[in-house]
Amino acid sequence: MKYAYYPGCSLHSTAKEYDLSTREVAKALGIELIEIPDWICCGATPAHITMHLLSLALPVKNIIKARAMGSYEIVTCCAACFSRLKTANYFMRTDDEHRQKVEQIVGEPYKGEVKVRHFLDVLVNDFGLKNLKGNLVKELKGLKVACYYGCLLTRPPEITELDDLEDPHLIDDLMRTIGVEPVQWPYKTECCGASFSLTKTDIVLKLSCDILQMAYDEGAQAIVVACPLCQSNLDLRQSTINKKYKKDFNLPIFYFTQLIGLALGIDGKKLGLDKHIVPPAALLGEKDKLAKI
Amino acid sequence: MKWFISHETIRSPFLKTLEKDCGEKISHCYQCGKCSAGCPISYQMDYLPNQIIRMVQLGMEEQVLSSKTIWLCASCLTCTSRCPRQINVAEIMDYLRRRAYTKHMTPPGEIEVPLFNKIFLRNIELHGRLFELGLIGMFNLLSGKFFKDVALAPRMFLKRKIGLFPHKINNSKEVKEIFKKSGKLGRARRDKLWQPKLLFLNLSRKLIERIERLK
Amino acid sequence: MTGDRSEWEPKIVGFLCNWCSYAGADLAGQSRLEYPPNVKIIRVPCSGRVNPLFVLKCLSSGVDGVLISGCHTGDCHYSEGNFHARRRFTILRKLFEYLGIDPKRFQMAWVSASEADKWAKLVKGLVEEIRQAGPNKLGHR
Amino acid sequence: MKIGVFVCHCGTNIAATVDVEKAAKAALNLAKVKFSTTYKYMCSSPGQALIKDAIKEKGLDRIVVCACSPSLHEKTFRECLKESGINPYLLEIANIREHCSWVHRDRETATRKAIEIMKLAVTKVTHNRPLEKTHMPIEKRVLVIGGGISGIQSAIDISFAKFPVVIVEREASIGGRMARFDKTFPTLDCAACILTPKMVTVAQNKYVTLHTYAEIEEVTGHVGDFKVKIRKKARFVDTSKCTGCGACWNKCPAKVASEFDLGLCKRTAIYTPFPQAVPNIPVIDRENCLYLKSKKCGLCQKVCPFGAINYQMQDEIIEEKFGAIIVATGFTQFDHSVYGEYGYGKYRDVITGLHFERMANSSGPTGGKIIRPSDGKVARDVVFIQCVGSRDEQKGVSYCSRLCCMYTAKHALLLKEHNPDSQAYVFYIDIRAAGKNYEEFVKKVQNEYGAVYLRGRVSRIFEKGGKLIVRGADTLSGAQIEIKADLVVLAVGLIAQNDAAKLAQMLHIPYDQNNLFTEAHPKLAPVETITSGVFLTGACQSPKDIPDTVATASAASVKALGLLVQDQLEKEPLVARVDKNLCSGCQACIKACSFNAIETKEVEDRALKRKRTVAEVIEGVCSGCGNCTAVCRMSAIDLEGFSNRQIMEEIEVL
Amino acid sequence: MSEELKNKAKELLTNKKVDLIIGYQRAADGVLAAPCFIDSQDDAEKLIWDSYCVYNLASYLKDFPAKRKGIVVKVCDLKSITVLLQENQVKREELLIIAASCPGVIDEKRLNPLDQQAQEIVFAGKCKTCKTITPAYYDILINEPQKNDKLSEIGQDEYEPVRKLEAKSIEERFKFWESEFSRCIRCYACRQICPLCYCPKCVAEQITPGYFSKGVNLEGNLSWNITRAMHLAGRCIDCGECERACPVGIPLRDINKKIEKEIKELFKYEAGLSVEQKPLLSCFDKSDPEDFIK
């Protein structure tokens, strides 16, 4: 199993632990991720809000770089990058007018033939849950988490083609496989405010607070995410939320790869568990006595 | 609000170009309100999403482009994925923002989002990848919120979550090229980041706000 | 109708289905819409009644243009006749083109009983097109 | 052959632009035209008299009338010919008004064109043949497919005229959807109180035969003579012995969710769907019967005092003949499990309107209590959501289901009556209450029963803390709305039965993209289909409430009776005909005919001295579209009134 | 293979499985093959099977009604039997299909019968792009797994001649066909040889009404050829017999192939695929294209 890997900007900065843990998990499972050389930013939300063509051209440039590596599929972890790459691909496949313009910009013909995958999809559908179970070193028994998917993994379904629109289950499936108990909660795909992190911080605080509250109410001890923006909003801003809304949440926000890494016996530090703002040590130590961070 | 409806307003080029550019049939909307019902941010909006669509149907370009709503949309796509008439509401919001931006019609209280977008894109154009410290710093400086999130900064550095220097990639030329061509082909508005007048306006506005609050 | 070009007037045969197009042409009359007299109407129960042999007969006996007009798809009085006609004459038209026969000389249209306007415009356009195409060489020996 | 040409002035309508005298004179130059004249109004009595006199005096045998469109007076003039003793089909109309005088201004041009049109008509009439209307016998029995209120009403209406009717119903009892309803809007009569007497009436009616637990297997033939195969599914209960005493179902140990009560309670494996079932004879459900599954049990056979249980029973196929068929197969309800945002049908307290009906019914599974199915607690805050599956092309159908507004209002009212403490919230997009006393009813529910109407669709429902959180909008106030509800009732749309398309294909009736059967004309023939002898009633054609259903049932019955009271079926003779000598028997025409009007027939080929199969048109079924004639490569099949020869000659004279 | 065929034929005739066998025998010139009708086992010796068996024998089926016929067929010929079955012109139970795997047949017109030492066999145009080697169904298979490498060159476009014509201007096309059709002498050899032209009385010969000119002139010739092509639309299986039979060398296959290509593209229809298939012109799809209709 060999894939072209597109980490995206966040995974090289605020979400370093996502990148670290993804690479570690992939390595442990024998999934080869080859970083696309000289990849560039996908443009994220600002691009599609400001310049439509740019929002297509940037992802396409990256896909073309991947295509040049050979016939790989692209794997990405960031939900926003995933959404942008998929959307660009969709346009290139279905909209001739935009395709021609974008081809002009990037200077190469491209008809959307390279497959864009999320690492979740690769783990569940290519590698397989059974296979994963066979590779576990230990099961993380007794941990209750809320699996949080956010907006861009499932919406819009005709573009993302990843998981169930209203009740996604890929992360839940993975968690169950490593012995973690996912709680049933209704906020799997609610919005955290994401791109407003800097600009409309108040909105982010409110929406993230609702999500934390719901997870807490349904009995989760932590939240598991697959998106760096969700993680940073819920983790980085948790203390501000506590202050503003007079709460005392203490919910570590994990990337799914981190917990899988633990179950594969990878050292917590290698998985970037030291980079969390809400420290997970207590929870993991108390539950499993294995993560010495 | 009073709106004089006529032949011209109903068949305004606004509606036509919108339908052409986003490939969305606005007239399909039958105002069921499901978009507004599911929108996580409608509580902050001056018009609900369905009202924006209605106003577009009636050709109320100015009112729509100067609304807060279009800048409050988080592009979470909840509306799009649930619309029974298969209208891509989020895409329409994108379009409206782009149009408002090119027409210099951002509402006075809503400078952050367009400013952020501009800085973000300039940041990428410059470095190829996002340089987050640069982004935050520049944003705080230009939006007049100098000390925003400063409390979070030490922790971020400590955890090595934010680098002090931009990433080095060897293809900055290629990125600039993409920006240039996209701008040209898409006839997008691309102006200078440093606009002393705008900076001054922002600063004074913040100042006034602060004084108001003190009162 | 031989003779020199200046005297020549396009001669067009229109096969009109009884339920939609013939009635549409009736309505054009009731609405007093004026159109050129070049189209001679042969009433048929349905566009599906038209045999390719009729079209051949027209074109080889000096008719300059043939029109088959029926109900819009889905509106056929006999529910499916126009679907059959559509398939049949799509092939004939492709064959005409291939054999070098100007496809303008053989046209089809869907005109409903309420589309008097469309009928009048159709006739005007058709006559104009055939006028430009000139007399049909076949049948004028 | 003596052709007479009659040119009408139509006042000045024709005469003002067409030189009618010149046209009449020109007619005399045409072959076989022996007489021509003009008159002011040819369709008037004196005009017709003129034609009649000319026929008599000049011995004319074919007539061309140059006048208005044949759609207006073809019939008139045919009658005129008939009265003068010549065959009415020896007539052609030259349309020189709509197609000539009214669309051209120049007198010379118009006159020239009028003469050309006349020439076409004269050429055509030369080859007209005297035709007689065809007659066919009629099997004087009616088949009604479906035993809901619609089928029951049709059968009753037909039995009034003393014609035999057969109802084929696939469930074990007649009654259909209406049997499950509690009250009916806007009068609030109890559904059972008005339906049960009708069910009993048909059961006891000597003209009506009931085949319950039976399905249509095959339909062949045509109007007046349909041959229908009916599969009578094995009941495992001998209907001639059973008295419906109930000993069997009281003892049966196998319990499964009741379909009739939508799983709100259980039934046994041997069961009648509901207590008032007609016939009151149970069936054994072969999937769940312990004996039929594994030969264990056999209790019902032991306890039956009449020896009516027969485990060896097999499906039986009977064939019957009918003159007309009434389709009354009704509807089914939209399955809301495609709505992920409403919980994919998994939340037990998110129910459909039909569940609500069963709960509100005092003889229903909850004994008339409106409760939460999950925990049995009384429902206080109840949210009703309209347009679920309707008006939603993304997840359901694009049409409006027409009755949900009304039944939701009824539910809101019933809720208040059953649980006086409760509060109803209704999310709607538009309220469609177009019916007698309907709007008043909705207003009553809003004003007197305090139902809160909110204009907007609901975007999301989720469970939290034992309640259902409903997130909607009220577009009138511009507010997002969130309600903590005990129960959510979805007003799911009405859709075609799953196997509607299959039945339509059997009956050769068209159906639309939603599998609803298509009427012959949306306005002027709403209960007919293009297949003559097949009629539609009720919701199989489009969603209908009870009054509309009953009205269409009676309408369809009248149409069917209109057929049956005739001694013979009369048909226009403008049909296709096969020349057996030319026919190769390739059957292209048979496959192309939309009406199944062509059969094969064996004929003796004298030249080859053997039997040959050729095509033959069933005159009574042929509608005269002529599609077969264009499909036939050897031109062996031709159409009366529009023959190949006529058309070819028309082209020639142009 | 010929031996195998002979033995099978003898066996069939001896066991009275068939009344006669329609097959090929060596023609009088000693090179080509001619049809033969074998009804005794002694005659079975005559049967041959090789690349010279050009004829489509399906056209002879109608000459032996109510007899049990064994018929030697190539893959392409089998499709014409499929159409005949579709159109109820033969009865399957009267038919015993002896399918022979086909080596490809020669182009008779380019063969010099005098030059028996010819090194190169020129294969018929239809064989060069033939894609099937084994028949879809049969009763007896005479099989010698062989595939001539010269045949079925992958990538060769069977519609190349059609495309070449399509690329010309409409005037050029008219000129081309005008000159081709001008040679037509209305001998109807194309019709007589076609296995699917079985009408009891062809429209070309009907008098009241007369559908088109019987004279040798452009209108009549054009009408005849268009009618022939239209009547074979969705039925022609490209056995190429019409073109082979045409004494004046009109490229009739180019017309047949054009229609074949169009219906494949427009209606996704191919002739002679199965017996159950509905005839192209007796059915339709609601989404058939209609861009030319106003």
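Letters A, B, C, D and E name the chains as they come in the text, with residue numbers starting at 1 for each one.
We adopt the following convention: a contact is a pair of C-beta atoms (placed from the backbone, for glycine too) under 8 Å apart; a residue touches a chain by one contact, two chains touch by 3 or more.
Everything quoted here is computed from the prediction, not taken from an experiment.
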Both-way neighbours, i.e. chains that touch chain E and touch chain D: C
Touching chain C and also chain E, the following chains: D
Starting at chain B, fewest touch steps before arriving at chain D: 1
Innermost chain, where centres are averages of C-alpha coordinates: D
Farthest chain (mean CA position) relative to chain C: A
Chain of greatest Cα-centre distance to chain E: B
Pair of chains with maximal C-beta contact number: A-B
Where chain B and chain C are represented by their mean Cα positions, the distance between them in whole Å: 56
Interchain centroid distance [CA atoms averaged], chain A/chain C, Å: 63
Centre-of-Cα separation between chain D and chain C, whole angstrom: 35
Chain B, residues touching no fewer than two other chains: 78
Residues of chain D whose C-beta touches two or more other chains: 341, 592, 631, 635, 644, 648
For chain C, residues that touch 2 or more chains besides their own: 52-53, 57, 61, 80, 84, 88
Inter-chain touch pairs (all): A-B, A-D, B-D, C-D, C-E, D-E
Of chain D, residues touching chain E in the complex: 581-589, 591-592, 608, 610, 613, 631, 633-636, 644-645, 648-649
Sites on chain D touched by chain B in the complex: 341, 387, 391-395, 429, 455-460, 471-475, 478, 480-481
Chain E - residues contacting chain C, complex: 162, 165-166, 170-178, 203, 211-213, 217-220, 222-223, 226-227, 229-230, 233, 255, 258-259, 262-263, 266-267, 280-282, 284-286, 288-290, 292-294
In the complex with chain D, residue positions of chain C that touch it: 11, 13, 22-23, 25-30, 32-35, 37, 40-46, 48-54, 57-58, 61, 63, 77-81, 84-85, 88, 120
Residue numbers on chain B that touch chain A, as the complex places them: 23, 40-41, 44, 72, 74-78, 80-81, 88, 94-95, 97-98, 101, 112-118, 120-121, 124, 128-130, 132, 135-136, 139, 148-149, 152, 155-156, 159-163, 167, 169-171, 174-175, 178-179, 181-183, 185-186, 188
